[in-house]
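Supplied in structure tokens, the structure appears directly below.
For reference, chains read A, B, C and D in written order, and residue numbers begin at 1 within each chain.
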Amino acid sequence: MLHCGGLKKRLIRSLMQLKVPSTIREDDLLNNLFDLKGFELAAHNKLSKATHAFFAGGAGEGITLNENVSAFDDLKLLPRILRDVQERSLSTTLLNERIDFPLLIAPMAFQCLAHPEGEVATTKAAQEHNIPMVVSTCSTCSFEEIKVQTTIAPWLQLYIYKDREITKNLIQLAEASGYKGIVLTVDAPLYGKRINELHHPLTLPLDFEIKNLQNAGLNLKDIPSSKLASTLASLLDPSLTWNDIDWLRSITGLPLILKGIMNPKDIQIAQVHDIETLIISNHGGRQLDTSLSALETLKLMRGLDKGKMEFILDGGVRKGVDILKALALGAKAVMVGRPILWGLAVGGEDGVKKVLAILKAELDLAMALCGYTSINQINEEVLYFPG
Amino acid sequence: MLHCGGLKKRLIRSLMQLKVPSTIREDDLLNNLFDLKGFELAAHNKLSKATHAFFAGGAGEGITLNENVSAFDDLKLLPRILRDVQERSLSTTLLNERIDFPLLIAPMAFQCLAHPEGEVATTKAAQEHNIPMVVSTCSTCSFEEIKVQTTIAPWLQLYIYKDREITKNLIQLAEASGYKGIVLTVDAPLYGKRINELHHPLTLPLDFEIKNLQNAGLNLKDIPSSKLASTLASLLDPSLTWNDIDWLRSITGLPLILKGIMNPKDIQIAQVHDIETLIISNHGGRQLDTSLSALETLKLMRGLDKGKMEFILDGGVRKGVDILKALALGAKAVMVGRPILWGLAVGGEDGVKKVLAILKAELDLAMALCGYTSINQINEEVLYFPG
Amino acid sequence: MLHCGGLKKRLIRSLMQLKVPSTIREDDLLNNLFDLKGFELAAHNKLSKATHAFFAGGAGEGITLNENVSAFDDLKLLPRILRDVQERSLSTTLLNERIDFPLLIAPMAFQCLAHPEGEVATTKAAQEHNIPMVVSTCSTCSFEEIKVQTTIAPWLQLYIYKDREITKNLIQLAEASGYKGIVLTVDAPLYGKRINELHHPLTLPLDFEIKNLQNAGLNLKDIPSSKLASTLASLLDPSLTWNDIDWLRSITGLPLILKGIMNPKDIQIAQVHDIETLIISNHGGRQLDTSLSALETLKLMRGLDKGKMEFILDGGVRKGVDILKALALGAKAVMVGRPILWGLAVGGEDGVKKVLAILKAELDLAMALCGYTSINQINEEVLYFPG
Amino acid sequence: MLHCGGLKKRLIRSLMQLKVPSTIREDDLLNNLFDLKGFELAAHNKLSKATHAFFAGGAGEGITLNENVSAFDDLKLLPRILRDVQERSLSTTLLNERIDFPLLIAPMAFQCLAHPEGEVATTKAAQEHNIPMVVSTCSTCSFEEIKVQTTIAPWLQLYIYKDREITKNLIQLAEASGYKGIVLTVDAPLYGKRINELHHPLTLPLDFEIKNLQNAGLNLKDIPSSKLASTLASLLDPSLTWNDIDWLRSITGLPLILKGIMNPKDIQIAQVHDIETLIISNHGGRQLDTSLSALETLKLMRGLDKGKMEFILDGGVRKGVDILKALALGAKAVMVGRPILWGLAVGGEDGVKKVLAILKAELDLAMALCGYTSINQINEEVLYFPG
């Protein structure tokens, strides 16, 4: 294997932070994980090289992947004191629905590779915390199977495929199952170049199914497992424009959320198109390496007149205090991706529940220590801006 | 077993070996320690993993813990010359009392875990240098036992517990023993998340006592040792507000010092409440990780109209020149915490004395080399501010 | 034996092991290289120490060498979305000739040391991508041998030697072979100090020839192989001035391009001398270590009134997205050097073709993901400028 | 041994730069050293731990020691081109005397510990390059022994000791030997805290002599070798003021140069006292750790009205290009210290000659590559100032 791009630099960086975990009995593993770093290491151990590469990898040398995380640590806090933080509420609303805390499960494909129950397990965990799951077009479980596990309606992550009929069918399937909103991925006109995936191509189990795409009319039967990923990538429609947004609205009444917006000029265009919810995201560093980190992009939007628009931040959230920082910079909520998969790999539904519980408890603690008792109080005055 | 890849492990091992000191005969150890780093390594060797984790650890990933220290090194000096520095005095005053040099022993709990004599040994060392000890509410020795060792009155570090009666009793016990001031901790409405403590929970000796809390009326007899830390944490009152400051003043005439203030807005509020002494502190990086370092927070206050307020800097002081820098930025004195425990662990009373002697000698040398002969001369003109 | 302390050695060994690639079957190597870093490592494995030092090394401690590369990664992107990027063209023009994508092969000496076919192989690969090869004065193949492999005319890289007759002859030889432009190297009045070369002096094969110099009248027959490099260095004319530019124009009608310009003041002088194409370059970090990186130098030119001048960026391009960044900062095209040699060493003509194909595909992908469909659309609005 | 302060950070930094030298036969060593880094490693091998600690060490954790060097690498160049650099002169003047290139040998004590010939060998090497040696008060050879080796008069580095008679005698001894100037060290009212020296105390050879101090009347006979260093340190007079400058002038007509000035306010005072030559220096990082690096201090003086004052930069020069940068920032010359000792340790007089020859050749090359032909042309326009 010839690839070790950026490794040296990254290793040295992580050496300063990494704690060598001690030996832990497998059956006691969940009780001995106290933060998401622990889950990350445990999942790394458990997953095959190829599955890990698919889930954990980023585009190029992983620069954006790493900076999505480190940008949070670089933003420093100036906590407030003596503000009676005994009673705290983390509850907020998204798409007019009340949720337990400002977090969504990011859409991620092929979750059955992490755990046999796949998206069903993830959804059950999300349900416990009363937060919405954003279901990937490429989920392995069907929209229906997922929905029945939860009273809080999932959202559908959508790619507009070249074949608009399939796209339409996907929406109708999700609508039929009671999905609540459409998260349109707008940063993937083509599939990013992910070096680790190229070095460790996915091999899929024999009974692997992508049920929704099949239900929507895509024939995947004859495609050998080794070609599946590239086949799916080839379906992406690079011709998308803002006109397709209008088309989408003409075929569904569900709220439309754009995922993958980064440039302030596109924020302005989105405003003109009456988009109310935008997800600031670089696709978890999986599309174009050296894109600005998600948090720094959000910071860039500080001066902007947002009107009624709400921002969701996606990318790099690994601790409760990260959520607080995103909210202090103006985000309405955050999306969390890979850590959910680490929970799923390590302990299935219970693993995801614990990951969510850790994030929620950490956010609650960070709020208290910053002097906040409710989500809408969080603002820039606890942030330190140098210079 | 959680691991993290052979390569990373190898590198970590190599880096760890840098830390393993070679053998020095135990009885000659103190004579071979010339700086506080040496004490830190020696204490690391001597303490159990759990005790070390409790004393040395910080919240989260230890980012603030480390930056508290590195912030001092990042601030550069432009020494003055030819100013006759033969006669120098490090003496200054705190709460109208003259002290030998501008340093206080930070409040730290459970000092008997570092050495059987605990706070008594620490106090005797502080007495030799004529500087005040700030005694933790959770000290293992009683206020009285500590006070009799010193002619310079200790200060009481206070948590306001949910049970106000206990709080009141604590103050009365300290007053009865002749304590000089009340250092109210205001940055701990809840107990910070300290990963190392979670991985290595404290096990306390059978005869472990927290005398003051027991004397103040808290029944700790029936609480198993393994639950003690969490029990104490649960007593913290997250509902504290500035009104409690007024209440505190109504029940004691002792000067009131707030410890754990970080945000300029809270400085202004403190001024309105006539607080005269503030301790800029992030609790040694033990409460909310990624809080701004203590020294950078102090730097942030440069422009502020402080009126009669005096600042004490707490966090990251490891060298005499660090004290000079804090004073140059406007602090009246500094607090030193963990290094005191390293001295205590390595050599009991003598160890703490040596730690203090090193800091004092280093401060004296730094003053001379910067062209200062007395504490009140120290000012910003020796500091380099880039840009 | 010089050494540097056991500890450092151990660490270095650990870091070096990161570099040793595991076994891939030789005949399958090209199929397992997905990026230019892979080629770099594979070539490192294949070349002798001395040849590698000659090709890969830089002046001094390699600071500029490394920053040429890292400067690209430090420049962050804010991609645009929803702009219909289905049909894309990478085609552009250089010296009024259409080329497939904005890249030139940088002039590099002695290519037969990387592969027996030397510059002929490189040219054939360039031809496949319809981009110009810039042929080094010190090429091992003759201008004629190189030219017959390509329909897109090569450019001649020229040193003005102390012996102007030889210089003139070189130009005439290139003109006779139909070369398209003259790239005059202006940053080498003397040969840079390259420590690695000094530690590992080149040993040349017995049949080694520098055909063009010989054809131009330089007698290299009697010079022992070990003296060849220093002899060539001694021919460089340090007395060059802008007057020599005029002389050069008087003896050839070919377009004149200056390579190695860095200082904004020299840009202005070039403008006065009606130079239309400038190559921003620090000679790949091979001349004066701690020169500013090529990309940062280009950034420095942002405000400048360039008039009709076109800039080519040379130095540090290792990924398609690097090309996009150079173009966004105003470059017309980039030059790529060392990676071409890695391709040549690993797989001859096929190796270079693959290197070029990777860069082209990566540029195409980066354009699509940034919302561009043609080269002339690329502009600063996708770049993030902090502060 | 317990000390490893800052080591980790420094190791990681140096790993990025360090090249593992290959095995070299002792008798061929000088021919295989091409830069001062090579000399540094070779000398490290040859010297005892204690001697190396004394020569190489710095105050505290060596932060200023390292930044003195790294500050040069952080200052980037924008070379000029096409300026006819065939004929170059490095010659300049210091104290109205012509020297071959703008470099002085910094004063360093106890040179016989590096090589039996000590300062005599160093001076002979300096003579070959026609540059002045600055002789330490604590030189092991006598002023006379040193002077007879050179036609270019040495300068005397002077400490003003508490015993003014000895001070006076020292000056008279130097005057009698024809010394040219007095370099008064002003940054050492006390001896800096050098941790490495404390861990590895010097043991001196039985026949060790500090001839000048003895000749000046100091009785060192009865002082045991282990107490010598601390005895010498105790002689330093911390009461020095600008008045002593006037006294010094009253007893000698030699030009007076101040060494160790850092703060712009002291520059102004020096101007009032008609000091014409100042040495910007932090004592090679040996006095007060975290002092600003010498080069950055010089940069700080850019805006200053210097009048007739000339600056010499001392600290961190390791490469020819470093000299060019110091001159571009306004220095008249540089001082070089430790690298001279490495040359001396590795090869005696020949070793120092080679170190000087390398620096001179590198400066010559750097000038040519920046477009300069004489020392007084060098100016800021080749420097890159970000932002």
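Rule of thumb we're sticking to: a contact is a pair of C-beta atoms (placed from the backbone, for glycine too) under 8 Å apart; a residue touches a chain by one contact, two chains touch by 3 or more.
Being a predicted model, the structure only gives us computed values, none of them experimental.
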Rotation angle superposing subunit A onto its copy subunit B by C-alpha atoms, nearest 5 degrees: 90
Same-residue or different-residue interface between subunit C and subunit D, half as cut-off: different
Distance-maximising chain from subunit B - centres being C-alpha averages: C
Rounded Å distance between subunit B and subunit D, as computed from the means of their C-alpha atoms: 41
Inter-centroid spacing, subunit C versus subunit B (mean Cα positions, whole Å): 57
Two or more partner chains touched - positions in subunit B: 7, 11, 15, 18, 387
In the complex, subunit B residues that touch subunit D: 15, 18-19, 21-22, 24, 32-35, 37-38, 41-42, 72-73, 75-86, 319, 321, 362, 365-366, 368-370, 381-382, 384, 387
Subunit A to subunit C touching residues, read off their complex: 1-5, 7-8, 11, 60-61, 63, 186-187, 189-190, 192-193, 195, 198-199, 237-242, 244-245, 258, 260-266, 269, 282, 287-293, 296-297, 300, 387
